[in-house]
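We just call them A, B and C in the order they show up, numbering each chain from 1.
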């Protein structure tokens, strides 16, 4: 089994490296001269050359890449061509905000999907189960930002229960932090919850039809007990797969939700950097996001082998 | 069966609106009419007007064009590139197939939105870059489905006989594999279409999609934000349009899957 | 103990089935696929699929099982009533170790026999920490048998327990059933194979299209069958030597 895990670690590392090269090359392909962009139209050739040297973009691509990736591995993402600030610390801060958002969103999604999906599966022949299933279909069709807009309208504007945007760090004021997190987390979580519900339903439905549940009942377990003690672990395998895929979607969905709620997360940093043509920053953020997705996939893969002994290959 | 019908009707509505918009719309969707700003439902403007006086229904109809356009191109790119890739991976020796799948996973690590933003940064943000980006991000789904279907078909008696008879790989691929996995691919196309619609809406909302003044449902949503409190209708109309399109394609895909499944199992 | 089945009906698939099984009896239920024998067994256990409904009477020691509450039935299952199913490959939970699964009936009903003891008794020493996918079909069926016998049931129902197994393994499992079943426990053995009935059961019920068309001691039924169908079954099997 360790061989399998090691193999996956190797694949992960290679994927990250390849992804970093792809991201780097992509940004390098960008037409235009960052020095020109930074200094404006009237810059003299000498100043341009000096700035290019300062940015390090006059060196061969390979050197630039290794310099960059080497720095990244130490947490140094370089200095923005536009603001001249170090990218790293701000990236980290923003990442924190996005992670809170994604985490809370995932929590909401799970809290909705697991009971709803199980209910829809167990009662799939009855109207109530079909109703829940239908609701989840509609939920899937609503973009997260639309949910956000609607929620803001109801809870922030009409009822004035919650803020319509803004961010308070948790260590500054825990209460405000939570209040500011609820609506964005709901926007992300409700929609993802709908998606997840369908997968949970399908997984539980599959499990319900399995022979080993009948065996469990023949031993004297009641249907609910049989489902929990035997079905849960088996049903969780397909759900975990989807969770992994969903995390990637959540990460990106967070980008949009941050816009709606004006949250200082990675998403808004990315969008700002793109509109100001701040290449190095874009490069860094994209790398972080992509590595995040790869990491989640890696964890899901490893989780599989833990959950399903048939995959351990002994 | 019910899924298929409802999905078909919803998708049909969207297609109808788009096609109709080429011949007729109630008003010119981009015409600014300051005198008739922010009208409500009913009257000569069925869905009312926006803050510039532009008719919402007309914007929705023309916006349907964009939505379908993006969906068709994105799914088209994904299918045309992803399917042969997947079939190839399924017909190749194990190690090659695995390798292609690993590369696939790597592409999957760049979600559609991220890719579109990156493309937008490099090539400028408009409908074309959005479509291509979404298309590329969808390739892995098609490749994966194509490969898994191909592996199933390759083990059937038909194919084993064909291979024993010396038929070339290409012939087998075209005459045996393709027809048998077409069902799976159609279902995937439907589902991917729904995802593409959502992606385009999100991109337009962020300002990375269709440039003004071409109407786009996502941008209509973004524009509706500032007047949300007084005119929720401005958000509801495009929002419901998006939901209808996505729901329609999802249900269509589900319905097709239900119909094709037992047949697929019997054929393959 | 007595199991009395009277006028059992399950949709249109089991029609008016009646029989009685007393303590220590070894009864065979024979018929081809679709005759309703499995449904009869499931009806007794209360494990019919949701769409099917049973009517009539199934009394265990005078207590009516049909229509009984789930709570009541689940107390009897795994304790007084036990069942071994046809397909061993899917009968066990793939994510749980065999030892834990085999001690489950004990834990549910308050008896304490160790996994090693239960598995030893069916000829599987040292497998407690294994997962089902690491065992062969025959071995898995032994585990299922161990689970069924864990609490010394009054009635053990076996639904074609060897049909899905290799011929060599079949004989082993049959012999295991014969030797491990306590003398006071009753056995209802469902099969389509006459030879198996002949080797395991002292009484046999012949089922056709949801009805019992012939019943009697094994010797009687197999040497002088009264019903057309029983004759056909005999002709089709190779029990010449026995006769």
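Heads up, the rule we're going with is that contacts are C-beta pairs under 8 Å (C-beta built on N, C-alpha and C of every residue); 3 or more make two chains touch, one makes a residue touch a chain.
Just so you know, these numbers come straight off a predicted model, no measurement behind them.
Participant: Quick one: how many steps at least from chain B to chain C, stepping chain to touching chain?
Facilitator: 2
Participant: Considering only C-beta pairs in contact, identify the chain pair with the most of them.
Facilitator: A-B
Participant: Taking each chain's centre as the mean of its CA atoms, how far is chain A from chain C in angstrom?
Facilitator: Whole-Å distance between the two chain centres: 52.
Participant: Determine the centre-to-centre distance between chain A and chain B, using the mean Cα coordinates as centres, and give it in whole Å.
Facilitator: One centre to the other, that is 22 Å.
Participant: Please give the residue numbers of chain A that touch chain C in the complex, ascending.
Facilitator: Against chain C, the touching part of chain A is residues 125, 210-212, 214-223, 230, 233-234, 307-310, 314.
Participant: Given the complex with chain B, which residues does chain A contribute to the contact?
Facilitator: 11, 15, 18-19, 22, 26-27, 29-31, 137-138, 140-146, 149-150, 152-153, 157, 248-249, 251-252, 255-256, 259-260, 270-271, 274, 277, 279, 282, 286, 289-290, 293-294, 297
Participant: Across the complex, what residues on chain C touch chain A?
Facilitator: 45, 47, 50, 70-71, 74-79, 82-83, 85, 87, 90-96, 104-105, 108-109, 131, 133-134, 144, 147-148
Participant: Quick one: in the complex, what on chain B touches chain A?
Facilitator: Touch list, chain B to chain A: 102, 105-106, 108-114, 117-118, 120-122, 194, 198, 201-202, 205-206, 221, 224-225, 228-229, 232, 235, 239, 242-247, 250-251.
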